[in-house]
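The following pair of complexes shares a single chain, chain A, combined with chain B in the former and chain C in the latter.
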Partner chain A sequence: MNPKFRVVSIMRGALLACAWAAGAALAAPSGPTATPDAVPAPGAPGAAAAPDDFKTLDQEVQGLKKDVIDLNKDLFVLEEELLFPANTQVALYVSMDVGSFFALDSVTVKIDNKEVKNYLYTAREADALLKGGVQQIYLGNLKVGKHELVAFFTGKGPVERNYKRGATITFDKGVGAKYLELKITDRLAKHQPEFTIKDWE
Partner chain B sequence: MRNLWLAGSLIIAAAVTGSLAALSFAAAPTLVGKDAPDFVLKARDGRNLRLSEFRGQVVLVNFWARWAGDSRQEMAALDRINTTYNRAGLVVLGISVDEDLIRAEEFAAAMKVSYPLMFDTGARIGRDYLLEKMPMTILVDRGGVVRYSNVGFKRGDERAYLDHIRELLRE
Partner chain C sequence: MQSVINSLRPLVLSGLLLALTPAAAPAKNVKPDPNGLPPQDVKDLHYGDVLFYFYQDDYFDSITRLLAARQLDRIPHTQGEAELLLGGLYLSLGEHVEAGRIFEELLNKNTSEAVRNKAWFYLGKVWYQRGYLEESERALRQVSDKIDPRISAERYMLLAQLMMRQERYDDAIAALSNWHGAPDWTAYAQFNLGVALVRKDRLADAIPYLDRVGRIETRSEELLSLKDKANLALGFALLQAHRAADARPILQRIRLEGPYSSKALLGVGWADVGVGEFKRALVPWLTLRKRNLLDSAVQESFLTVPYAYNQLSATGQAADFYNSAIESFDAELKRIDDSIEKIRTGNLLDRLLDDDKKDTLTWYWQLTTLPDAPESRYLYTLLASNEFQEGLKNYRELNYMSRNLDNWRGDVAAYDDMLDTRQEAYKRRVPKADAVMAATDLGGLTQKRVDFESRINEIEKSKDVAALGTPEERQMWIRLKRVEDYLVAHPDDPELAEMREKHRLMRGVMYWRLSASFKARLWNERRSVKELEAELKETQKRAVLVKQARAGMPTNTGAFAGRVAAVRARMDQLQQRLAGISAEQNRFLQALAIRELEGQKLRISTYQIQARYELAAIYDRATNDKPKAQQP
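Moving on to the complex of A and B:
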């Protein structure tokens, strides 16, 4: 595991534990008030103040919980930035338009001739893509410069035939993040699916 | 007196051996109580099945191998269980860890079981599930947590599976 990632993870864990412990300590009745004998009798002085105290305590606990969630979100963003810094980040997405001529089964992605992802699609996942969903299939780091990406798509083509097609793109990885989209569309004129890779500048 | 000493020594030796065995058993890694590692595999009928998509159902995952003697008996038992409890919300998945895909496929075809059989040729899923001996069966509850694990298959195990399955289906 990346040491930076480990440090952030430990920080997150410790922070969560501390915050929840503090919340629990605030919420839990302590000392003599915890014993049934110490509960003020109805009508006794202080009995009216107790609900207000509990309300304040509850608000404090809720506030603490919210802070923890916010901090956790910030740490998650920090973690992402450390693991995938914007200047080396490359993200691949898969989308499907119409899909009448192709039933997606799997996608294999190679960057610079090295397999980085092999993804099998269940019927539900393929259906989600057909309904307009876009899937982030890969997130990684690449050095600045020229790179070649090859994507292989397997599935059932027209007339239930097994289908395997590839698409290639050579792209320039600049200083910023790179976003690429693997698109599956229908070529109506030929009644065939079409596989393209779009470089989002 | 000598016999008494001998008997005492034997009892102590047995106790020590038993404790050591218990310790080694306790130290064996197990996934019980933890989230079941997710996986996706192609079933023999061509469908891709992902464990997390069965969330809400009780899932029995059986790791089998053609060369594991108990697998044949266990698969027959699991087929009976699947036939009975499938409609009640049980999903049975069989995962082969055979490296010889062709022979594993032949074995799977010969078994004619009613539940999906899949092939983990790279043994990646086996590693995730801390697979050490074959066959191994685990039960995953409706929330995706491993609740029971069994290695091997002997007389009485089918009854134990049924007890655990009924309990998990009731939750």
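Moving on to the complex of A and C:
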């Protein structure tokens, strides 16, 4: 074989492999439901991956991650049961429904005239509340008996005005855990936000 | 383009997850319509708490709270949707096996078709990315056609792609030939169909599809890139079929500044060579030769340029370019060797992840930039591969989880101290509590209350109005009674007539006064009894609590101590496994990186051998030609 043609043939072979690796890989658009895929052609450098090795390792990783997630849950439960046993536990939650008349900046909570929480919201957190998330703003312990809770909400009210409102409730702490929901809702008739506290029996 | 992809990716899974939270995330938005949205009551506070973290993309905290709430039976009204969300969260954390298990269980006929379709679709997609092709196909085939047209289009595309990855080209051709997807997906379908046809040696059938994509009129960068890709694929397919003249105009359609321009320049040169135009081939090849040697097309140009000069009988220039190529390849091979050495001895992955934001886990995370290090220049190809990215994601997640356990370690140590303190306090308080309990006769107190109530009942029954009078009134009543008794004892004494009349009057007044306040006083007494009863009950309850606490405290503390010890043992064991598997993952990805570099090295070495061979051939010819030239 003429060496000239041999070289050309080798080079073309290599060239075509490269071209197919980069140019003729499968394609998919990266639109809103994108798969930015680039599957190299067989035989292309870097394409001779070992999928079985990856899968074996991936399955080990899967099992391990699942165990860590389970342990994390057990630690979370243990912490709560240890630090906030049900007979003294009081948990306060903040929820926000609709929110067209109020943009939340902060919440201050007083129990029996003692400030237990002053929480400033990030835009991300306020957005999570608007989407339907409910924030556990305070978890603490209280003795059995009557207690008074006062919550102050600050933010922007209708027409971008600074707005500060309070809500109060007297509740009975029994032997079980006590859950209270600080609710921010829209009062459509008055075009005003409304702040209430719901006692979850 | 990559940045666009990344910015869009979060939308993808959130699409599924939002679909999985239909009740908890009713069509709420920041700026509702003027009529407002109907108020939504929270059904389970703890489910809302899960969503609070979920909506902030904090999937790890979200899943932890969800699993805890489920274990503690705190989500009785949202169980179904919570379970679907759990599947989605597992999927978002890369736990596709667990997600698949949950979906298999849940996605039955009771689940809405929309949710079912989305769940199977995203599961299929994640499996595809991780190379679980059979599982991916099974999941994607569960998706019905009643789904968003764009998702449907992507679903068909994924199916075709996985067939091609399995080299089932006939299946892929059949699937893509019947393509009826959204218009912006059609170009991709046609491109993939063209590729599948070429792979089956059906170039004539492939040409119309690739040519159509190669002529698209568009301003979209993504479609322009696809257009280049199609022209490159078609151009080289034609070159391979020895149709150089047809290949040239196709390759010339490719943009000079696009990602495929180097390969296009190389191809145009070969097309010129194919029609015997060596001088014309030098134009693209010399342009290419000035580019970065990392590009394989540029590497090849180091050989093709002297090859063309040689064909044009410019052997001196050819020899110079071959020598220069050998030197450049030498330098490049040394750089690759150094990089391989550095990867072997160093901590490549940790350096890759050095600038990474470490506080969240999301499935759409991808490494997009490489550190400024010599070996980075060789690894960009690797970054484009699912295998490397998914492996790196696993490594990153393992690191995150290891840090998470480290954070708990300090807390768990504090729990031990706390339990010791509680035990101490218990020992101190028990004698006091015992003394108080011993001094408290709860039985006697209860009996007194019963007696008191009976007495009130008797007073009411006998209408003994004086019994509820004030002490003065009762004193007065007794004195009047004494007078009455005296008067009764002397019924016929006329001197007592006046006294008798006075007594009658005073007794009447007194009785009237006592009688008038009797009802109110009786009510007060009854209220006192009730209050006493309530206080006694409270005292009894507290006494029971004290007794329970006294008896339960050692067991309780002991049980907690046992749980703390158990979680600590699990933490130790998991940390060991995390370290082991992280190291394994590190080795695996390191091997991938080294294999990538070895591949590049092999290619350059092959080129270098060719360059040396060609140079030797030139010298040979020159040596052989000299004696002939010296002959008279």
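One rule holds for everything that comes next: the second predicted complex is superposed on the first by the 125 of 201 C-alpha atoms of A that agree within 3 Å, B and C clash if a C-alpha of one lies under 4 Å from a C-alpha of the other, contacts with A are read in each partner's own complex, and residues count from 1 in each chain.
Keep this in mind: contacts are C-beta pairs under 8 Å (C-beta built on N, C-alpha and C of every residue); 3 or more make two chains touch, one makes a residue touch a chain.
No experiment lies behind these values; they were computed from the predicted model shown.
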Which superposed partner A:72 touches (first chain B, second chain C, both, neither): second
First, second, both or neither for A:181, with chain B first and chain C second: second
Chain B versus chain C as contact partner of A:95, first or second or both or neither: second
Chain B versus chain C as contact partner of A:123, first or second or both or neither: first
Dominant contact partner of chain A by residue count, chain C or chain B: C
Contacts of A:105 with chain B and chain C, given as first, second, both or neither: first
Chain B and chain C contact sites that coincide on chain A, given as residue numbers: 124-125
Chain B contact footprint on chain A (complex, rising order): 105-106, 120-125
Chain A residues touching chain C - in the complex, by the definition given at the top: 3-4, 7-8, 10-12, 14-16, 18-20, 22-40, 42, 45-46, 48-49, 51, 53-55, 57-62, 64-82, 87, 91, 93, 95, 97-100, 124-125, 127-136, 175, 179, 181, 185-186, 188, 200
List of chain B residues in touch with chain A within their complex: 40-42, 47-50, 53
